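You will see chain A twice below: alongside chain B first, and alongside chain C after that.
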Partner chain A sequence: MSAVDTVRNRLDALPDVGLVVAFIASIWAVMLVLAIAVGGANWANLAAGFIGSVTVLIGGYAILALALNLQWGYTGLFNIGIAGFMAVGAYTTAVLTAPTDPAAGAVPGLGLPLWVGLIGGMAMAAIIGGLAALPALRLKADYLAIVTVAFSEIIRLIVNWDGLAEVSLLGVPIGTGGATGISFKSANQVASTFINGVGQPLVAAMEGVGVSGPNLANLTYGILLLLVVAASYWVLARITNSPFGRVLKAIREDETVTQSLGKDTRLFKIKTFMIGCALMGLAGVLFRGQAGYISPQQFRPTITFYVFAALIIGGSGSNTGSIIGAATFSGLLFYLPARLGENVSLGGTRAPGNIIDAVAGLGSLDPLPLLAYTISNVSTLRFVLIGVVLIYIIQNQPDGLLGHRNEPATSVSLDRPQSGSGGEADE
Partner chain B sequence: MGIAEFASDGRVVMGDRPGAVVVAAVSGFLLLDLVAKLAGTTVFFLGTKLLGGSLTVGSLLSMVVDGLLVGLAVGLAGIGLSMTYSILDFANFAHGDTVTAGAFLGWVAAYITAGLGTGAPISELFMLNSGRQLSTVSTFFPVLLGLVVAGVGSVAVVLLVDRLTYRPMRNTDNISLLIASIGVALALRYLIAFIFGTQTSGVASGGLRVTLFSMISVTDNEITLLVVSVLLMLGVHLLLQRTKLGKAMRAMADNEDLARVTGIPTERVIRLTWILGGGLAGIGGYLLVLESGTISFNFGWILLLLIFAAVIVGGIGSIYGAMAGGILIGLVDSLALIWLPSGLTRASAFLVLIVVLLLRPSGIFGGVSTA
Partner chain C sequence: MSEPEATARQETAVTSDAIDSPLLVVDGLRKEFGGVVAVDGATFSVAEGSLTGLIGPNGAGKSTTFNCITGIHEPTGGRVTFDGQSITGLPPYTLANRGLVRTFQIARELSEMTVLENVMLAPGGQVGESVIRSVTPGLRGDVIEAETAVRDRAWETLEFFEIDHLAHENAGNLSGGQRKLLEMARVLMTDPEMILLDEPLAGVNPTLEEKLLERIHELRREQGLTFLLVEHDMDVIMNNCEHIIVMHQGSVLAEGDAETIKSDERVLEAYLGGDV
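Let's look at the complex of A and B:
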């Protein structure tokens, strides 16, 4: 039995909620250990900072992976335009909620409350997703992939265009801010107000052990994001366990059969695409725009591929797997190596400025410069690690951690029970 | 043919293919607008500017030359993408980073050769930041050596990647291969960033400027790009037409099992596909850097979508389609500036990609498989 199978069996033994909670708790524990190891007297504040950041990352990627899982894992729609739909949601929210009287040099918006902006952002992402899906769904999976990634780049180039940076719509000045980006009502601010209002005693108690206010607010925001993840999970579980969800799984297994059973598969696919895109739009605001600022740089196609990595690690087809995958990706592969690189020092060996100087040390049998160079560039190397993990998983464990749970399209198992050496017993 | 017949034909076309009619109408309008702009007239309709403006023939020609040069390099890089798509049946998202890898290997070789003996420290030369600008005329042999190293180096890279990644999964579905190629792209790109850093380095600038027909001004580096890519495309054409390799590739693209039964050594054909496609990708990247002058760790990744556009517009799987599609996409990318603000020209190339995929998924030259 391989190591992955052992892990998988242990994971299977837990109920789903317990599984997710245990998984995230163990990532928190890793962060806590790291903070204690490197933080010295300041460890509590450092731990709150680490755990807060990692929780926000897990929350953001979990929403995105859940949305992608609905599209790809359940329905087989290979959408690699995630960044574009995130941008649509985030920019719509930004334009709706940016103050009407902004600071000098910033772009004005409509000044609406945040919740209106969030609903508007999700609605717009769903509409644009539907428009994109309408003609694209008759394409083969890999063509759909190329169309969606091109579409997401077009969206990014349009919001980046300075012609839309500040325009007047029916006399109201609005805009995207072009390449400089746009400031709007920050979702993080809500968490901060909440913790400093209701949670004032907690803030005071935490400050007693050295945890700063902003770090605590960030952690609160991360936990709020996890609540959004829980809500999304609940909605998606409802959808995928309904008759609607059964049709989606049937489309994934064999679209022609589903069609011949009288289902309008195109309509189902478009609806699924819209729901997924709405969630991606929400993640665009809550994750990329958490601090109340977005710019086109944040919506490059690379983020799409990170979400894919997260979902593949977790196993596409399983909602619980999506969350576990997002936690593994963002906590262990994305965040942890960068913090390790920042905080590990090699007893005074300074990192060389380039690889030649680093390798030159090897000539005199001194591996320390190369090691120091590697550690100082670990934030680059972690992407190599992510790429290698992706290749390893797709070669050896294409189901990821939980993808074997991939729910079948039927409500009862159609696998025939194997009877001995084949044939009936009375033959 | 009577007028009535012609009209009914037209109605059939309009009814059957509304998308094509829209595309034809839009391109007709743009062409009319271009003529009006060149003539320097402006047509007003109901008080709003309908078409026209001003554009000199000289600036139009320089845009055409720019588009043609970028398009040739993109087409060269696209050949490999098109071949892996038809023979291995997957969209290779790591192809852009193969372009980067080849370009870096070639430029490091060229830069070190050119810098030897000038007293510049080797680490500066290796990191491509001694400030020296190479050109075909002033440093001919280093540039030529770099070209060869770019081709050979990228072949080595793709063969290694194929051995480690794609070969163990020959019989898996095309989406798994696509995902594996995304992993390869990430690993390759950040390995390059780890070695060469994430800065943009200026490595080349034209050493000589020639004016042709007293209108078009090109540098020696641009001429090199033109000559080398045309020669290589011609070479690929001869290779595929005159040798059995081309026939074997066509057979494999058509039906791999049948090809194997017929005695075609499929694994060897796959290796040759990687060698040919990878080498051309590396050289394409090297030439693009020669033309644009700057190199950075993610330029191939950014270029990838443009290469995809070229390959799909030309008809995926067709090598001549990749060449023609590259030139077309290069021209669209450059000429869009006539009608669109500079921030949106790249979007127009992607729009062409989407429109072609939706209206004519087999590409403009349609349906011709490999060569």
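Let's look at the complex of A and C:
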């Protein structure tokens, strides 16, 4: 039995909510252990910092993976323009909520409340997603992929373009900020205000053990983001466990058959694509734009690849798997190695300057130089790790951690009705 | 074996005046693939409530005709009329919603979905196919109610086709014959008016074959369904179909009841002429 099988069997035994909670809690525990091991007297603050950051990452990737799971995992719509749709959401929110009287040199916006900005961002991402899907609806699946990647690049070029950095729209000065980016209402600030207001006693108690205010605020934000994940999960589970979700699965399997059974698959595809893009837009703001600042740099196409990696690891086609995959990818493969590299040192062994020197140490049966080299270069090498894990999963567990599970697309229990089973004795 | 023959005879009499009210009319249908002319001016009609056979040697254009009628392929020329309205070139979902459905010669099960999901997909106009209704708490009550009904019907259908023990199995794990049964079960769940069956009995065991044919006759009697059946087994065609259309090289070679077809020189030639 392979390692993944063992993990899978353990995961299977738990109900979905328990599974996700247990999984994230164990990542927190790993972070706590790391903080205690390397933090000395400062361990509590370090732990709060680690756990806060990892939680925000998990939350962000979970929303993205859930959205991609709806589009790709369920419906087979190959969206490789995730970064672009995130940018649409984030920039729309930014333009809607940036202050009308910004600091010197910054771009003004419409000064609307954050919640209006979030709704606007999701709506705009949905609309742009719908536009991207329109021409592709008549074409085969592969064309959608090309169209989405083209859209995503066009969007990035547009927001990077000086010409739109600051313009006057019907006399109102707004803009994207071009390459410099744009500042707007910070979602993180909301968490900070919340914890410093209602949570004042907690803040005081935490400061007593050395946890700084900003770290606690960030942790609060991470937990709020997990609540957004929970809400998204709830909505998506209801969408997918329904006759609507059944049609989506059928489209993924064989669109012609689905049409032959009377389903206008174009409508289903476009709705699904818009819902997924709206969620991606939301993640664009809450994840990439959490601190109230965005620039084109934050929406490079690599993030699209990361979301695919997260979903493939977790199991495409499973909502629970999407979250587990997001946590595994962002927490264990992306964040943890980087923190290990920063904080772990091997006593007296200094890391060699290059891989040749590092491997040379093996000649004299001394693994320490290689180990030290690995640790000091871990933020680069983790990409090798991600690649290896992906190849392993695709080769050995193409369904990912949870994709093999049957999450039937229906709103009711599928057991045979009582009366039916009585009459079927002649089998 | 003599009983179905008797039924067929009986129904032949009905057909001669029923042909005045054709449900499906195919007129000069043409389909080219590059240089290949797969259907070459096929013209025939199918009487409402009939079980009409469509036969012909391999490559005669039967499946392509089905594809053109049901909107899978856009015909290069000709007209198709269903229930008095032109349906030429309409998409498959529009036709299915009007009651015209088909099965595929090579079964196309939705392999990563369970057998039950495959069958539950089929019924038309399910309230839960609206996202809003499926998500919004207050509205989901209707969805649950409709789902329960669909589920119960799906189980009954699976029981009839004797694949209920495979309900929770992925459809991709079924045997060839079981996939054919699943195809039949699925189209029946759409509440159709007319079903085009493309070799539905190939690979189905004889006992079940009898049962399926019986069911077809029963659906005609009780619900007035119309069937157009492609089948290579001549006994099945001759014993069950009151009207038979013979295609050869893309066009209709002969039409008539079993006796007429059996004694038609050209039909014999087409079958013996090296095409089979």
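Assume the second predicted complex is superposed on the first by the 372 of 427 C-alpha atoms of A that agree within 3 Å, B and C clash if a C-alpha of one lies under 4 Å from a C-alpha of the other, contacts with A are read in each partner's own complex, and residues count from 1 in each chain.
The definition used in the following text is that contacts are C-beta pairs under 8 Å (C-beta built on N, C-alpha and C of every residue); 3 or more make two chains touch, one makes a residue touch a chain.
Keep in mind that what you see is a predicted model, and the values were worked out from it rather than measured.
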First (chain B), second (chain C), both or neither touched by A:A204: neither
Chain B versus chain C as contact partner of A:L362, first or second or both or neither: neither
Contacts of A:G163 with chain B and chain C, given as first, second, both or neither: first
Chain B versus chain C as contact partner of A:I146, first or second or both or neither: first
Which of chain B and chain C A:A29 touches, first, second, both or neither: neither
Contacting residues of chain A [partner chain C, same complex]: 235, 238-239, 242-247, 249-250, 252-254, 256-265, 268, 271, 275, 317, 406, 408-412, 414, 416-417, 420, 423-424, 427
Chain B partner contacts - residues on chain A that touch it in the complex: 78, 135-136, 139, 141-143, 145-147, 149-151, 153-154, 157-158, 160-163, 305, 308-309, 312, 354-357, 360, 377, 380-381, 383-384, 386-391, 394-395, 398
Interface residues, chain C side, partner chain A - complex: 70-72, 91-93, 96-97, 101-102, 104, 108, 110-114, 116-117, 120-122, 124, 126-131, 134-135, 140, 143-144, 146-148, 150-152, 155-156, 159, 162, 164-165, 167-168, 170, 186-187, 190
Chain A contact footprint on chain B (complex, rising order): 90-91, 122-123, 126-127, 164-165, 168-169, 172, 174-176, 178-180, 182-191, 193-198, 305, 308-309, 312, 341, 343-344, 346-347, 350-351, 353-354, 357-358, 361
